[in-house]
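What follows is a set of structures to go through.
One chain, subunit A, appears in both complexes that follow, with subunit B as partner in the first and subunit C in the second.
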Partner chain A sequence: MFEYLIFFTFAAIAVIFAAIVVIHRNPVVSALALVVSFFSLAVMYVLLDAPFMAALQVIVYAGAIMVLFLFVIMLLNLAHTEEPITRPIQQFLGITGAAGFAITIIYYLLKAAVLHTGGPVEFVSDARAIGVSMFEAYIFPFEAVSILLLAAIVGALILSQRTSAIPGAKENGSR
Partner chain B sequence: MIPTTWFLILGAILFSLGVLGVLTRRNGITIFMSIELMVNAVNLTFIAYARELGSLHGLMWVFFIMAVAAAEAAVGLAIFIALYRHRETIDVDEANLMHW
Partner chain C sequence: MSFDTPDILLNLVKIGIVLSLVLSVTPVWVWVERRGSGLIQDRPGPNRIGPLGLIQAMADAAKFILKEDLVPAQAHKVLYNLAPIFGLIPAVTTCAAVPFARGFTIPETISYSSIIGILLVAGAVVNFILGVVALRVTSHFGAMAGATQLNQWVGKITGFAMIASAPLLLGILAWFRSAGSVAMPFGIGGRFFEPIIADTSIGILLIFALSSLGVYGLATAGWASANKYSMIGAVRASAQMISYELALTLSTVGVLMATGTLRLTDVVYRQSGTFVLFDTISIPAWNMFPMIIGFIVFWVASFAETNRLPFDFAEAEAEIVAGYHTEYSSMKFALFFMAEYMAMGTISALLATLFLGGWDVPYWNEPANFVGFLASFVAFLVKTSFFLFVFVWVRWTVPRLKYDLLMKLGWKVFLPLALLNIVIVALLIPLGWI
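And then the complex of A and B:
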């Protein structure tokens, strides 16, 4: 009973703040609302017997990625950018498309799409089990992800510097 | 024990909100945050199914999705900084060099 109370409270928080992310005009407010939404998703992970993933959600998403977003928003001073309503037909089509997508997917979820495996089974997902799985079965994807992150660092540096790092390339960042 | 379907429905609602943001907003950073919202909805679905099936594979997927989302955020935000330097805006309608 208590579990259901927590679920509905934090599901409502997640959905409301996700709506604020999408609707609000100020990107700073959007980013902070997204942090709240991520925190309530971490609560969902705890309810799903995955406390390690909840910790990762808070540290990696709410801690690192959203700080990066906020940093860029404040660096570019985007808090006061106006976004006038244009293209009403595209706006209408977007809202209709998203609503139709939501209704369709929820209809089929309620109807048939969930696997019926005879109820949730015993499920150990502490840090030890995840570590054993990661460094035995998933060692190759783990190494691949480390290379991906290195490539992302290099790419971010090259893209965001003022002058081109390529020798002889046309200087284009100083305009 | 809360049924898995409810978590899946919550994930579907969050994913649809992300779709709405990508389709209707023009601020590049907001579109990016909507994408993060969709990624998180998919993560929730993965973890819900991991518990339903009693398998750790779903959690491993969530771990790698988080790493890829971090890389994507770093590169994407760098692209927006470069776009801002050239155009003084991050309205995605203004980034129309390859349009048509």
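And then the complex of A and C:
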């Protein structure tokens, strides 16, 4: 009973704020609304008996990634410019594609979740279980992803490297 | 989910204890900060209102409430008003996961003893004095211009209620003495009282998750104020907090490796007892001894996380007026102030819990009864107060860094040191030294 109350409250918050992210004209408000949406999603993980996932969701998405997004949006100080519709065909294709995608997802969700409710699944998600499976069963994908991230870091470093115009002038920046 | 009345009552008691501690951190530590800065700078500090200036915080609060609340015309109104709340919520909620004392089994019946009598008499005396003080403060500020009728009534009612509670407490004492012993009400007798609000399996991650949201208060405030100084403060705060969160989180990994769980009650229980060096010297089994590097990294990073000197770039008054809260006035400014002190209190409690044995009283095996609970609670408060005092001490000792030095320090010194700490702990664990 209580769980349903919490679930529907936070589900409503998540959906409403996700809508705000898309609809609102101010990018800063959109970013903050996305944080609220992520936080409500973390509540869903707690209700699913996965507190570890919930904590990671908040730490990684709300606490780190969205802070960076907000940081960049604030630095760029994006001004909203109303653009006239110049590409009607693309716009039509975009709307049709999104609508088709939404209908497909809703159809399969209703089919899977409402019409065929499965029994409870054995599901462990504490830190130990996740760590063991990550370093035993999924060690190869895990390491592959770390190399990918390392490549991204190196790429960012090379791209952001300032080439000094005056030879010999030592840069006194924060890099 | 079923309702368990004793459980709900005990949780309410815990929430009451923690909330009253968290809310009293701000007034008490503002006083300590101002008197402490006076002490360090060889001047008296605030000494006019109350003995030793103790009532100064109440006067400050009255001033904050009476001031006009200004909103800049260019500000984003909704976010400007929400930002202090964004800042306060993480600061208040984080302490839910910090264990503050040794757990104990509540006895079925409680019999009268002289200690209870002394406590009740002391409570009556303290309430009486506080009530008189509240009435005096009310009459003092009631004469000032701008004091509203409501404020005066609140002050008067508080004062009279506190004075009236003194004879009530003495009455309870007389009744208790004649009754001899009483059964614990509401069926809480026989329960185990674990003094932590949220004893979850993800304890420390919960704390990091909530405290990582603290940056939104600063960032939103700075952006919504539509002031370039506020904006610079907000940008600095977000960059700084992201950078130091990394070192802060990595420096706790050693503690978690040694404990084997993320649960903070286990972290503390594991640190009670002693390490024996060379079969002769015994020192408390606190994590700060084997993980001295992690301890120092966490300690320094906590200054950056709470935006305190020498890392207070978000509000550096010599450079950007007052940083992210330049445009804030009245109670909204006070909320940022409270959030800063609460965050300091929480991170000090966390430092004590992770590295200084939490509530562990050194060289004493706390019994699982009320005496052990009280003693360990006092030990926890002493350790937390020590770290809180160091925040004040450092503020008036170390000058502010340059911003690029802060970033260099975070990424090039503390991050590698935190990783080194993990390596050292990983070597010490198989040797059986931890």
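Operating definition for what follows: the second predicted complex is superposed on the first by the 126 of 175 C-alpha atoms of A that agree within 3 Å, B and C clash if a C-alpha of one lies under 4 Å from a C-alpha of the other, contacts with A are read in each partner's own complex, and residues count from 1 in each chain.
The working rule: a residue touches a chain if its C-beta (ideal position, glycine included) is under 8 Å from a C-beta of that chain, and two chains touch if they have at least 3 such contacts.
Every value quoted in this text rests on a predicted model; they were computed, and no experiment measured them.
Enquirer: Is the number of subunit A residues in contact higher for subunit B or for subunit C?
Expert: Result: the larger residue contact count on subunit A belongs to B.
Enquirer: Report for A:Leu148: first if it touches subunit B alone, second if subunit C alone, otherwise both or neither.
Expert: A:Leu148 contacts subunit B only, not subunit C.
Enquirer: Quick one: classify A:Phe38 as touching subunit B (first), subunit C (second), both or neither.
Expert: first
Enquirer: First (subunit B), second (subunit C), both or neither: which does A:Leu75 touch?
Expert: A:Leu75 contacts both subunit B and subunit C.
Enquirer: Based on the superposed arrangement, let me know which partner A:Leu159 touches: subunit B (first), subunit C (second), both, or neither?
Expert: first
Enquirer: With the two structures laid over each other on chain A, which partner does A:Met1 touch: subunit B (first), subunit C (second), both, or neither?
Expert: Touch partner of A:Met1: subunit C, not subunit B.
Enquirer: Check the residue A:Ile13 against both partner chains and state whether it touches subunit B (first), subunit C (second), both, or neither.
Expert: Neither partner.
Enquirer: Can you pull the subunit A residues that subunit B and subunit C both touch?
Expert: In subunit A, positions 3, 52, 56, 64, 68, 75, 173 sit in both the subunit B and subunit C interfaces.
Enquirer: Which residues, counting only subunit A, touch subunit C once they are in their complex?
Expert: 1-3, 26, 28-29, 32, 35, 39, 42, 51-52, 54-56, 58-59, 62-64, 67-68, 70-71, 74-75, 126-127, 173-174
Enquirer: Using the touch definition from the top, list the residues of subunit B that touch subunit A in their complex.
Expert: 1-2, 4-10, 12-21, 23-27, 29-30, 32-34, 36-37, 40, 43-44, 47-54, 56-57, 59-60, 62-64, 66-75, 77-82, 84-86, 89-91, 93
Enquirer: Could you please specify the touching residues of subunit A with respect to subunit B in the complex?
Expert: Of all residues in subunit A, those touching subunit B are 3-4, 7, 11, 14-15, 18-19, 21-22, 27, 30-31, 34, 37-38, 41, 44-45, 47-50, 52-53, 56-57, 60-61, 64-65, 68-69, 72-73, 75-76, 78, 81, 83, 86, 90-91, 93-95, 97-99, 101-102, 105-106, 109-110, 113-115, 117, 119-123, 125, 129-130, 133-134, 137-138, 141, 145, 148-149, 151-153, 155-157, 159-160, 162, 172-173, 175.
Enquirer: Using the touch definition up top, name the residues of subunit C that touch subunit A in the complex.
Expert: 1, 76, 79, 200-202, 205-206, 208-210, 212-213, 215-216, 219-220, 222-223, 231, 234-235, 238-239, 241-242, 245, 261-262, 403-404, 407-408
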